[in-house]
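Consider the two complexes below, in which chain A is the common component and chain B and chain C are the respective partners.
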Partner chain A sequence: MAKLSASRLPGILSDSVRHIISDWLTSLKASPDGRLPAAELEAQCESIVTRLAQACREGNLTDIDTSAFAPLRDVLADVSRTRALQGFSPTEAATFILSLKQPLFARLRIVLASDPERLASDIVTMSELIDLLGLFMMETFQRAREEVILRQQTEISELSTPVVKLWEGILALPLIGTLDSARTQIVMENLLDSIVRYEADIAIIDITGVPTVDTLVAQHLLKTVAAARLMGADCIISGIRPQIAQTMVHLGVELNVVSKANLSDAFALALRRLGKMVVNQRRAVPADPA
Partner chain B sequence: MARSTVPIRNGEDVVRVRQEVRRLAIEAGLGLVDQTKVVTAASELARNTLDYGKGGQAVMDIVQNGARRGVRIVFEDNGPGIADIELALKDGYTSGKGMGLGLGGARRLCNEFAIVSTPGKGTMVTIARWK
Partner chain C sequence: MDRIPILKLGEALLVTIQVDMHDRLALALEEDLTTRIVEYSAKGVLIDISALEIVDSFIGRTLGNIAMIAKVLDADTVVVGMRPAVAITLVELGLSLPGVRTALNAERGMAMIKRRIDDGYPISEYEDEGGS
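Coming up: the complex of A and B.
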C-alpha cells in the first residue's frame, strides 16, 4: 500500500510544479502583506515547490530529516528566520507553509480523479508531510526569536557597563540596572582592565542607576572594590540615594569604602586626593570683545 | 484586592518578584523609602527561596487594616527547610556563600515577619510593610 502510493506521488509533483506554484501564488496574493515584496514571495514559493518535488523524487515522504530533504529544509529555515526578523507572528509564519496544502490537493484531485482510493491515501501522505514541514518551520522561527533575545541580552550587558576616564588617573564606572551575577562579572573585568589601561589611581563606582541594593549587590560591590584595591586603585562609591542609604542601614550592610552622595562630589574628592585643584581662570566669562 | 503569584525558578524571576512588589507597593500608596525597604526585603527572600529552597513561589497582596494599607508577601518553597531559625536570623551566619545578612535584614526592613519551617519539607516566610 505504501509502495503503491509512493510510486506515483513524486511523478505527479514533478509534472505539476508550474501549476502548483501559480495556484499557490494566486491564493497568497489574495491577501497581500506589505512587509513582503511580491518578487521575494514568488522566489520563495518557487524554490519551496521545486525542492519539495525534488525531495519527493529522492527521499522518503514520511521522514524530513533525511539528506534528500536537506535543500528544502535550508530554504524553509531561511524563510522562517527572515520572517521572525521581519516581525511576523508565529501564526502568520506557519500559515504560509500550511497554505501550500490547498493548491497541492487541488492538483492531486485533478490528476487522480479516476482513482479515489489512491487520491485519499496520497492526500493523507502529503498532509502529514506538510505538517512536518510546518513544525520544522515553527522550530526555526522560535530559535530565530531566541537568538534575537540572546543577542539583545549581550548588547545590554555590554552597553550598560562602560568605564569612562574623567581625568588623568581617575576612572568612573556608572552602573545601571540590575546587578545580577553574570553582569557583575563583566563590570568587574571591565573596571580592572581599564585600571591597567589608564594607569588609574582612583575609580569612582556610581550606583545612581541601580534601583535596588540588597546584600548580593553589596557583596558584588565589595568584591569589586577589593579587587581594584589589590591592583593599587582606590574606589569611591557615589550615587547612594537617601532611601537606599536607609535600607542599607536596616539590612546591616557596611560598605567600608569612601562614599559620596553624587558623582560630582566624588570627582572633587578624587581630584583633591591627587593634589589637583579646580580654579577660576578669570573673574567670570568675559563678554564678547567684538 | 490585587493578588499576584510569581514562580521563583531562576535569577530572572527574582527580578520579576522585585518589579511586582514595587508595582503593588506603589499601588498601595507606600512612600519611596517604604517601597525601597519592602522591595529590598523581597529581593533577599526571593533569592533565599531560589538558592536555599531550590525554588518556589512568591504570593503577594495589597492588604488593608482599617485605614492602613500595605503589601504582604508570602514566600514558599519545598526545600530542605531551616533546622535552627534563631541561628539563621543571626547577622553574619550563612550556610552558603552570602553575607549572612539577608534573612535578619529582611526582618528589620518590614513591619511584620513570620517564618515557619519544617526540616525536610520546606519553608514559608511571610512579610508585610504598612504605609
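Coming up: the complex of A and C.
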C-alpha cells in the first residue's frame, strides 16, 4: 500500500525541493537561535531536503535503514551530533526535523489539491517517515551526549588521582570527589605503583576533597590501606572534616588507621616516624629584598 | 619433591621463593620453617615473595599461618617484595594478613628484623608512634 500511495510522492518532492527549503527556512528563522549561524542552518536544511528527495526516489518510504537513506542518515547524524555538543536540549534537536512536516504538508496540499484521497494517504506516509527520521536523530543525539559524559568521566578519574612525593619515603594521595569501586581500583593501583617507584615507607591519604564518607567509602579506604600495608608501607589518613567525623561516628564507621585532622599533622607524624625533624634555624632567613 | 631453601643469617632465617608456589610446596615450607626456627632458635624470618606473580587464598593463608607459628616460637615474620597486583588481589580476597609484618624490599625487611634482634623485643605495630 505504501508503494502504491508513494508512487507520485518522489516526483512531487523532487519538483518542490526549492519551495520546501525556502518555506522551511522561513519557519525556522521565525524563532532564531544565536548558537547556530544562519549560513550553517541554510546549508543543513538544503542538504537534508535534497537528500530526502533523492532517498524517496530510490528507496522504500517506510524503511529508513536501507542504503538509499544512507546519505540522509549521515547528514542527520552529523547535525544531531553537532547540536548535542553545542548544548541543545533534546526538544530543540527534535523540533528541528519535526518542523519539516509543516512546509512539506503545505506543498503536498497545493500539488494534490484535486485528489483529497491521495493527499491524505501521502501525508500519513510522509508523517511516518519524518517521525522515523526524528527518532533516528534523537538516538544519535543521545549517543553523542553519552560519549561526552563518558569522556568526562575518564578525564575526571585520570585527573583526580595524583600521587605526590612529599619527602624521601613519604607519599601523599590527595583524593578529590566521591570514591566508588572503579575509582578506588585506580587510586589503589596508582598508589601501589608509586610506593614501589619511590620506595615509600609512608603514604598519607588526604580526604579533604571527599564530600561524604559512608560505610562503602570507608570500606574502600580501608582496602587501599590494607593493600599498601601488604606492600610494606604505612598509611595515615588526613583531612577528615568535622561534619564527616560526626557522620562517621553516627554511622558506626570505624577506620582502624592512624588519622590526623589535617595534612600538615600527618606530614609531621610521617617525618617523626622516619626519624626526621623540622627545626628552627637560629635566625629566620630575611626575605630577599629583590 | 623440590623444597624451598631456607638460609640462616645469624639469628634470622631467609626464605626467597623463586618458583611458582603450589599448595604442597607451601605446606612443606611451613613445616621446614617451623623445624628450622626451633633448631636455630631464630628471632626473625624474612620471606621474599617478589618473584611470585600469583598468590591465591591458600598461599595467603599459609603465609598467615607461618607468621602465627613463628610468633608462638618467638620469631617475627616479615613478608617483603609483594607486587602491587598481588596486594590488590589479596585485599579483594579479604586476606589482609593482619599478623604479618611487611616491607617493600629485602633490604628494609632485614633492617626491620635486625632492629628487633638488637632491641630484643618483638616489632610492634606502632613501634615508632612515640610522642604523638
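Keep this in mind: the second predicted complex is superposed on the first by the 253 of 290 C-alpha atoms of A that agree within 3 Å, B and C clash if a C-alpha of one lies under 4 Å from a C-alpha of the other, contacts with A are read in each partner's own complex, and residues count from 1 in each chain.
One rule holds in what follows: contacts are C-beta pairs under 8 Å (C-beta built on N, C-alpha and C of every residue); 3 or more make two chains touch, one makes a residue touch a chain.
Predicted, not measured: the structure shown is a model, and the values here were computed from it.
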Check whether A:195 is in contact with chain B, with chain C, with both or with neither, and answer first, second, both or neither. second
First (chain B), second (chain C), both or neither touched by A:216: first
Quick one: is A:230 in contact with chain B, with chain C, with both, or with neither? Answer first, second, both or neither. second
Which of chain B and chain C A:269 touches, first, second, both or neither: second
Look at A:168 in the shared chain and tell me whether it touches chain B only, chain C only, both, or neither; answer first, second, both or neither. neither
Contact-wise, after the overlay, does A:243 reach chain B, chain C, both or neither (first, second, both, neither)? first
After overlaying the two complexes on chain A, where does the chain B footprint on chain A coincide with the chain C footprint? none
Partner chain C, residues of chain A touching it in the complex: 185, 188-189, 192-193, 195-196, 199-201, 223, 226-233, 258, 269, 272-273, 275
Counting only contacts in the complex, chain B reaches chain A at residues 11, 15, 18, 32-33, 35-37, 39-40, 43-44, 47, 91, 98-99, 101-102, 104-105, 108-109
Chain B-touching residues of chain A, taken from the complex the two chains share: 178, 180-181, 211-216, 218-219, 242-244, 246-247, 250-253
Touch list for chain C against partner chain A, complex: 79-80, 82, 84, 86-88, 90-92, 96-97, 102-105, 108-109, 126, 128-129, 131-132
